[in-house]
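Two complexes come next, and they have one chain in common, chain A, joined by chain B in the first and chain C in the second.
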Partner chain A sequence: MIPQAVQDCWYPLAMAALTGPYPGRATQLLGQPIRVFRDAAGTIRVQGDAGADLPVILRFGHVWACPGTPQRDLFTIPEADHPGRRLVDCGVVRVKCSPLRAVENFLDIAHFPFVHTDILGAEPHTEVGRYEVHIREDTDEVWATKVRFHQPQAAMSAEGGIETEYMYRVPAPTAAVLYKTCPARPGDWDVIGIFVQPLTEELCDVWPWMALYDDVTPQAALIQFQQMIFLQDRSILENQIPRLLPLDPGMEIPTQADLTSVAYRRWLKRKGLTYGAQMVAA
Partner chain B sequence: MKTGGRVTNWVANGLSRDVVAGVVVPGRWQGVDLAIWRSATGVLRAWKDRCPHRGMRLSHGFVRGEGLSCIYHGWTYGTDGRCRSIPAHPDLVPPAAIRAEALDCAEADGVIWVAGAGEAGPLPAVTGLVPLRSLALHALPGQIAAALPGLRLFPGGLRGVVVLGGIQTSLCLLLQELARGQTMIHALCGPQDDPVAVSRGLEDLRRSIEQGVAA
Partner chain C sequence: MTPRLHDYVLSASCYKVRLMAALVGVRLDLVAVDFHPGREHKGPAFRALNPAGTLPVLETGELVLTESTAMLVWLAQGHPGWTGDGSRSAAAQVQQWLAFSARLAASLGMARLHDMLHFPADIDGCRLAGIDCLREVEAHLFEARLAGRLFLTGDRPTIADIACFPNVALAPDGGVGLEPYPGIRLWMRAIRSLPGFIEMPGIHRLHELRPAPERGAA
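Moving on to the complex of A and B:
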């Protein structure tokens, strides 16, 4: 039985620009078959197996739907509307892991030197300094701020190693957004998100998305860079045991560098967002 | 493996010469996935294939000196299983409770053996034979035994004198059950047998068994 709190959330299902006429994209959401298509009037619609329409929102270039009764609007990313930014849909990466593990990995910086070697991190610059984590009461989101890390090539527009500052944000159980120092515009943030579609508890489609200040790099190169990063992450995510994200302490051992992950797991547990989670230590 | 009433917990997990210093490979013992690795000075270890930090398979990691490091965050474990460094916190001495979970492992006659911690009996003896090769089959141990009626069961696998690859050979097949109905054969043969002929004979055998399984 899928908890009501899980069913009442918004989930990404497709890129709006690539959504074609019926039969459109036949996919899965929370283990149920689902279809995303554009009807004769040009409206994007999402239907379950029985043909009933789900509530739909088009935002950040993606199609979002709620299989239950939405309790709130889908989150916003105000920075995405700032003039001068390039919005980049990065396609999709299918990963055989819990959607929650995919989000948690996105919040993690300590793996950069070992998984994204010489790109997002490199030995001996492995230290993760103290940063701040809190739950924003007004929006009920997990935030990590003042995260700093040394990076050899933080972005396509970066030349040489820089100290990058990050902020991380979990606005929905299967979505995460990061803000990072923008090499081209000091003082501004590049914004990168992952929108994770839970096909089942152990299978997900990850839709990376970016809102960058970068007028130079070709679109294909930006997407290629992001795809490379996510394929490196996939080699980790498909080899974690268990596939489900353990929410009870004891199964895995966090350290100070994992404060964001700890807050995310507690937040999921408190809200009953346990689809893709393991509750009892095996 | 239960063999004629005698029980041994030792399961062959490879040939010694295939796990050289500085490498880590996946293994499997009674349904448990393993990371088997050899340190720079030659110390061999068999651990559960799971880093206690975030559950990543240690068999995807890397060996440096006398330690095995997890590929996810670089947590490094010494040959005693204890975590000795956490790169995100270089100045931290990891608590003693953070450790990899070890199984027993031993080497004899060029074979790597693994057993549950502290519960192993004597090692199965394959003295007098020479290690040949390992190969995986899409078949269960019983199907392999049925295809080779000339071999008899012994603790660890099958052995006997058979004709294989056109020659008579003293053959020993150590059997290791893998996931998804696969079995790894670690083969040894007599010191005077032609290894190339026996090796080709094993490949013919694999084809005929897998065709039988598929049919």
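Moving on to the complex of A and C:
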């Protein structure tokens, strides 16, 4: 039985630009077959197996649906509306892992030097400084701020190594947004999101997405940079044990670098968002 | 001119060419093609360059090559050893493995595209055909080891090894594990230790650090 809190969330299902007429994209959400298509009037619709329509929101270039009764609006990313930004849909990558694991990995900066060697991190610069993690009361989101890290090539528009500052945000159980220093425009943030579609508790489709200030790099190169980064994570994600995300904090010993992960797990547990989680008897 | 490679970072065939170029010290001008999600390689502009609508494409200045094995031959020219030792037997064996690499792409490569990027495929059929290929490679490498050779066609690597390496090494991406093949794992290690070796997502450099084991309480 899937908890009601899980059913009442919004989940990404497709890129709006690539959604075609019926039969459209036949996929899965929370273990149930589901269909995303454009009807004769051009409206994007999402239907479950029985043909009933689900509530739909088009945002950040993607189609979002709620299999239950939405309790709140889908989150927003105000920075994405700033003029001059390029919005980049990066397609989809399927990963055999818990959707929560995919989000947790995205939040973990300690893995940069080891998994994204010479791109997002490098030895010997493996130190993550102190940063702050908190739950924003007004929006009920997990935030990590003041994360500073030395990176050899933080973005396509970065030449040479720079000290990059990051903010991480979990605005929905299967979505994470990263804000990072924009090499082209000091003072502004590049925004990178991953929107995770939970097919089952151990299988997900991941939709990376970006909102960048970069007038130079060709679209295909931007997409490939992001896909390269994410695919470096994929083999790690597919080999994690246990496959489900443990929500008992005693299961895996947190280190300083895992503060965000601990906050994310507590937040999930408190809200009963346990799809893809391994609950351990207290 | 600098040879121009129309490239997709996650493509095993494109990686073959990038790797070969790195091993022989040829600089490539990389042009990123939006293979996924944009399917740019199936559009009219790209098809004007390569009617087959496939990646990679290598523009050498005088030639437009659309087969990765032909690109390996082009890159290896002038670098003795990479195309064999000059013997009739080596030349034939290299051709044998270049052709074999197409079977790897159609089986293990397709399984990977299916599992990773949603390509339609008979996934069980692809994996079984891929396992057949791996067993052939393993048996061959075992014989080679007994004869004191580390690579597919001799005691040094050739374009045959580079043609076969990517789809073998990326087999786990398509749900085919490499645990049962010690000969293949040793061969992959030998390739990864070559001077100039470069990595791609899913194929790590030799000194990779594995994630620490989970310290479960239970």
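Please note the rule applied: the second predicted complex is superposed on the first by the 280 of 282 C-alpha atoms of A that agree within 3 Å, B and C clash if a C-alpha of one lies under 4 Å from a C-alpha of the other, contacts with A are read in each partner's own complex, and residues count from 1 in each chain.
The rule is simple: contacts are C-beta pairs under 8 Å (C-beta built on N, C-alpha and C of every residue); 3 or more make two chains touch, one makes a residue touch a chain.
This one's a predicted model, so the numbers in the text were calculated from it and none came from an experiment.
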* Larger contact residue set on chain A - chain B or chain C -> C
* Asked: Is A:I241 contacted by the first partner chain B, the second partner chain C, both or neither?
  -> both
* Partner chain(s) touched by A:R185 [first = chain B, second = chain C, both, neither] -> neither
* Which partner does A:G91 contact after superposing on A: first (chain B), second (chain C), both, neither? -> second
* To do: Examine A:F114 and indicate which partner it touches, taking first as chain B and second as chain C; both and neither are also allowed.
  => both
* To do: Could you say whether A:V128 touches chain B, chain C, both of them, or neither, answering first, second, both or neither?
  => first
* Asked: So, does A:L231 touch the first partner chain B, the second partner chain C, both, or neither?
  -> second
* Structure fact -> chain B and chain C footprints on chain A meet at residues 111, 114, 235-236, 239-242, 251-253
* Considering the complex alone, what residue numbers of chain A touch chain C? -> 15, 18, 89-94, 96, 111, 114, 117, 205, 218-221, 223-225, 227-228, 230-232, 234-236, 238-242, 250-253, 280
* Asked: Considering the complex alone, what residue numbers of chain C touch chain A?
  -> 8-10, 32-34, 36-38, 40, 115-118, 172-173, 175, 200-202, 205, 209, 211, 214-218
* Asked: So in the complex, which bits of chain B are touching chain A?
  -> 33, 49-50, 52-57, 60, 70-74, 86-90, 92, 98
* Structure fact -> chain A residues touching chain B in their complex are 110-111, 113-115, 123, 126-128, 235-236, 239-242, 246, 251-257
